[in-house]
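Each structure below appears as structure tokens.
Consider the two complexes below, in which chain A is the common component and chain B and chain C are the respective partners.
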Partner chain A sequence: MSATTISEAPALPRLGTLLETAAAWLLALVWVAPLLYAVWAAIHPTGYATRFELLAPLTLSNFAAAWEAAPFGRYFLNTFVLVTMVLVAQFVLCTLAAFAFARAPFRGSGILFGLVLVQLMIMPDILLVENYRTMRALGLVDTILSIGLPYMASAFGIFLLRQTFKQVPKELEEAARVEGCGTLGILLRVYVPLAKPTYLAYGLTSVSYHWNNFLWPLVITNSVETRPLTVGLSVFASTDQGIDWAIISAATLMTSAPLLLGFLLFQRQFVQSFMRAGIK
Partner chain B sequence: MPSRTTLHAWLMLTPALVLLIGFTHYPAVATLWHSFFSTPRANRPARFIGAENYLALAEDPVFWQALWNNLIYAGATIPLSIGLSLAMAIWVNGKLSGRTALRIAYCTPTVLPMIAVANLWLFFYTPDYGLLDQITRALFGWGPTNWIGQRETALGAMIAVAVWKEAGFFMIFYLAALQAIPPNLYEAAAIEGASRARVFFRVTLPLLGPTTLFIAVNAVINGFRLVDHIIVMTRGGPDNATALLLTVIYDLGFRFWDTATAAALTVVLLVILALTAAAQFLFAAKRVHYR
Partner chain C sequence: MTQITRRAALIAGASLLATPALVRAQTVRELTFYYPIAVGGPIPRIIDGYCEAFQRETGIKVNPVYAGAYGETLTKAVTAIRGGAGPHFSCLLAAELHSLRDMDILAPFEEIEGAGDLNAWASGFFPAFMANSKAEGKTWSVPFQRSTAVYYYNKDLFRAAGLDPEAPPRTWAQLIEAGRKLTADGKWGVKMSNSSGNGQWTFGAMANQAGHKLMNDAGTETYFTDPRAVEAANFWRGLAFDSRITPQGVTDWGVLAPDFLNQTAAMIWSTTGNLTNMRTNARFNFGVAGLPGKESPHTVVGGGNLYIFKNASPAERAAALRFARYVAQPEVAADWCMKTGYLATRPEAWETESLRRYTQEFPAALVAKDQIPVATGELSTFENQRIYKALNDNLQAMLSGGKSAQQAMADTQAEATRVLRPFRRA
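Up next is the complex of A and B:
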């Protein structure tokens, strides 16, 4: 293929590389195809949703129509409140619990940690019926708090932070103690700053999980004031919009845009934070 | 008398434990309890009926169909998503041109809401003028296929969406693990003249053991939990061809308000998850090499 080919031997691996590159790109194409299609359908008049012509006229009216057709502003606000609330609560609760498990072992803490890990396997999503009953007893049905509450103490977060805290050298803690730091001071000044990549990685996972979560919010909410974007979008797409792909695509892009933009801007940090967090 | 540290530990643990117990352990136990009672109705409260809910399930063909569908669904999505994510990670980690673009492409489904992409896939699968039919017509001259409207292809179509959604997320973990493998291991293998396949099976794969276990746990959970797209795209149809355990639980609990049968079905799902957790634990104890 190139002038540097001297012997026959490298020809075979090179063909292999070529095939691999082709496969990698084909897969990538399949992976972005739905997104590309959504962009195509959203920025062209409805008639072009299924006809792919290069010179089709462009329009932004689909976005306006979708925005008008449902209270997306309110849904955005609800999702934003939900995601922020869950993230803050998770950071506080998981940090405290992880620190206790990592650095203050006591009799029975191993068993307790095992009990926490149960949630890795049995997530609140599966216990819909019973959690709904609990929320009704607490009088919380159809509130934003009820969407987030079951996820606030997250076994995944406790597990990740515990692993990270365990890697912090004990000498740092002792030095801080000599300087007169209390337990909480040590946690906030030594452990939390050193665990930044873990917080970033976990935070990103949490935000995208709760931004996208659907089944539990669908069950527990029933009004515009509490519905997050995902539920709002499903209500919108399943009512009379029927088959207007252009408007549905525009609504779909709108609801995913903040996460998608955030991901495109920070994708390098997104992947790197997982590496630094040592999730492996 | 408990020491100061122990007291501190309990203070720090309590808020998380209260919520964990309240929304994971208690509902799991309460589900089991309620599965032995009848569904409370307005004029007659729940009464103990023993295993009747389970017997009703056992006689319900929809249950067996959903169980079987779910096993196929999990059995297909788990290996496919793990295998694809590993291939993606190796490609993105290697020397392919345009790695960054590839990485972004693979990751996009991760950040898109499942409910939003379900709408897009719905169009892909539309008979005749959907994208999939346009492509198969251009390439193979096939006629229109109702991908999600007929029993033969509906479950496969749902599996494809799930794999598409999951693989990029798993790739991130494999990528992180691949970059942590010391390069001198590969240099040593190169000096010994090991083939690429040999390096992969003898160096890379064993070192990815813990990551694979972590991903496998997640893939198993998703095999039973990831049903958003099914609820939107097919509602378990046509003729229960895409009904999974969780979609049936949702239907029973929140469309027919038959909470007792829903509880019994949830117990079945919990038992399946517990069994797979135990199996993975045993497998991991034997096979995974921790560094």
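Up next is the complex of A and C:
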């Protein structure tokens, strides 16, 4: 009797781990399937996009065709300028705002922070016309700056950094002050370094959001000189002609490659900082 | 004295007011034109060419802005107009007529300075292409990037199935018969799209094939519960569930051309706008024919018209109209037709030497033209997108087996009646 319980006891957890691993693999497969399909379609001639033949001829001509179809070099540059600009501005603005909300109590701070949070609940798409009016008043229609400007004061970033700053022990701040650090020095030497995981995690969500954003850039830009990659990708959406899966896959891989590569390279850091920052 | 000063002041004031208008009238140098295609590919290059030629002739620079698909161009144009920096004119779906009128952003052509002999010019377009242009006795758009629904069929597969490749189906019964022979493992007899944004187009053709029009000209009423509309829906459902020659569930527009080119669909209901694509990419013999009807071929028109917006100054409107007239000239329209496969919108263009020679070499182009007299206008109402959504959702439910044809049509009509109620009252 006791012998059987002993032999059964380890079997149950092992079954649990097995199920967990299987489920993880299943989810991973489902997640990676579209990507695998895109790779398959992109490196074979058009005809093989919808049938599977192991020995189908390989080709890179889809990438060449996709690259030729639109000025992607320029679009890459535009997107790169855009996400860098937005990220830098967000880091600066959100850090300062979050620090004020977290550690500099002032009259009306609660209400003001509440107003910032309200911004989280408004879909940016609703503000399309209003933002357009503002950009026009500023004379910025059809510039890269106009794509990024509405997103620079990010409520999400302020909220996230404020929460992180609040967790920093007061003692560290006091110690720094005793050592002769000014307010800005405390922010830059104590708070910012301690919030590094939050910056990394927030930076990733911001970059991927602006890398993928479509509607606002489409509306506010008119020319090749300002349009980002996503708007350029829509060249393949001229559906009158139907969709060429091979070329659209090649183009999609091409435009998402920098993000994918970045994620694969820094995967460990990203996952860790997400865990620490609590973003899901 | 005071009298004189006052008059002088009045004159001075009036001339001050008048001068900018006069100056504006003489100095329209640039127009902005939103065009529904993305940058790249052959079509933007063709449009660029027309704009440059127009500038050489008139001195007016037209800046085309390529804005993606029709829906995106509409969003972009409306946002920009509301934001105060809209385009002067744009190519948008012909079927958006009532929705655009409802937004009150259009300038009717009759009210444009120098429109003069508008009627003589406007009546030179094929009447079917003007079907979605007139309302309240005014002209709100003129045809440009136009097409009709036609079907492409694979002659090689027809031959292999023992069908005459030179006698494609002309009636519903013939379509079902041919489809049965062509449907095999992994190959469908016929495919047509019922995806959002496209189902209403296919269905508009089918309703016309049954001799029915789905809405009134004012765009305030729809007739989905009419027995002929139900008959058309039932025919479509039958293709998927009785004769099983078309797939059940949702068929996306984007897969039609690739499936046809991969020879996994023997016939596809598509647009003449696809002609050049097929001609370049098909590695088998294919034919083009008018969509079969209940008794004889009937179809629907599609595509985009040129709209001129209210936010343009009178002089800019006149210049935009001049551009619309420029691209409607026989030689330009013929060139557009040959390069893209879209149809020349005026009968006189088909009489040009170049287009005659082209249709002799490539008779398929003529099939599309011959469909124009048996074509109906697109489903076009107020709140167009909401009506489309109601119809397409119900068509998809029907083709997935969730609803009978009767039920699908009744549900569509109920939703359409609800959405259009405010417009009927007005």
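Brief remarks follow.
Quick note on the criterion: the second predicted complex is superposed on the first by the 240 of 280 C-alpha atoms of A that agree within 3 Å, B and C clash if a C-alpha of one lies under 4 Å from a C-alpha of the other, contacts with A are read in each partner's own complex, and residues count from 1 in each chain.
In the analysis below, a contact is a pair of C-beta atoms (placed from the backbone, for glycine too) under 8 Å apart; a residue touches a chain by one contact, two chains touch by 3 or more.
This one's a predicted model, so the numbers in the text were calculated from it and none came from an experiment.
Aligning the two structures on chain A places chain B and chain C in a clash. Of the two partner chains, chain B is the only one that A:Pro34 touches; chain C does not reach it. Of the two partner chains, chain C is the only one that A:Arg227 touches; chain B does not reach it. Applying the stated contact rule after C-alpha superposition, one finds that A:Ala97 touches chain B and leaves chain C untouched. Contacts of A:Ile126 after superposition on the shared chain: chain B is touched, whereas chain C is not.
When the shared chain is aligned, no partner comes close enough to touch A:Val81: not chain B, not chain C.
In the superposition on chain A, A:Ala70 contacts chain C only, with no contact to chain B.
Judged by the touch definition given at the top, the superposed model places A:Leu215 against both chain B and chain C.
When the two structures are aligned on the shared chain, A:Arg136 is found in touch with chain C, with no touch to chain B. When the two complexes are overlaid on their common chain A, residue A:Asp244 makes contact with chain C while staying clear of chain B.
Set against each other, chain B and chain C touch different numbers of residues in chain A, with B touching more.
Mapped onto the common chain A, chain C and chain B collide along 188-196, the only clashing stretch among 188-196, 206-214, 278-286 or 332-340.
Comparing which residues of chain A touch chain B with which touch chain C, the overlap comprises 49-50, 128-129, 132-133, 215, 218-219, 231, 234, 237-238, 245.
Put simply, chain A touches chain B in their complex at residues 13, 20-21, 24-25, 27-35, 37-38, 41, 49-50, 92-94, 96-97, 99-101, 104-107, 109, 112, 115-116, 118-134, 149-150, 152-153, 155, 158, 183, 208, 211-212, 214-215, 218-219, 229-231, 233-234, 237-238, 245, 248-249, 252, 255-256, 259-260, 262-264, 267, 270-271, 274-275, 277-280. Chain B makes touch with chain A in their complex at residues 2, 5-6, 8-10, 12-13, 15-20, 22-28, 30-31, 34, 84, 87-88, 91, 96-98, 101-117, 119-121, 123-124, 129-131, 134, 164, 167-168, 172-173, 175-177, 179-180, 196, 210-211, 214, 217, 221, 224-225, 227-228, 231-232, 246, 249-250, 253-254, 259, 262-263, 266, 269-270, 273-274, 277. If you check the complex, the residues on chain C that touch chain A are 32, 37-41, 43, 65, 67-69, 72, 75-76, 79-80, 82-85, 147, 253-259, 261-262, 264, 270-271, 273-274, 277. Within the complex formed with chain C, the residues of chain A that make contact are 46-47, 49-51, 69-71, 128-129, 132-133, 135-136, 141, 215, 218-219, 222-224, 227, 231-232, 234-245.
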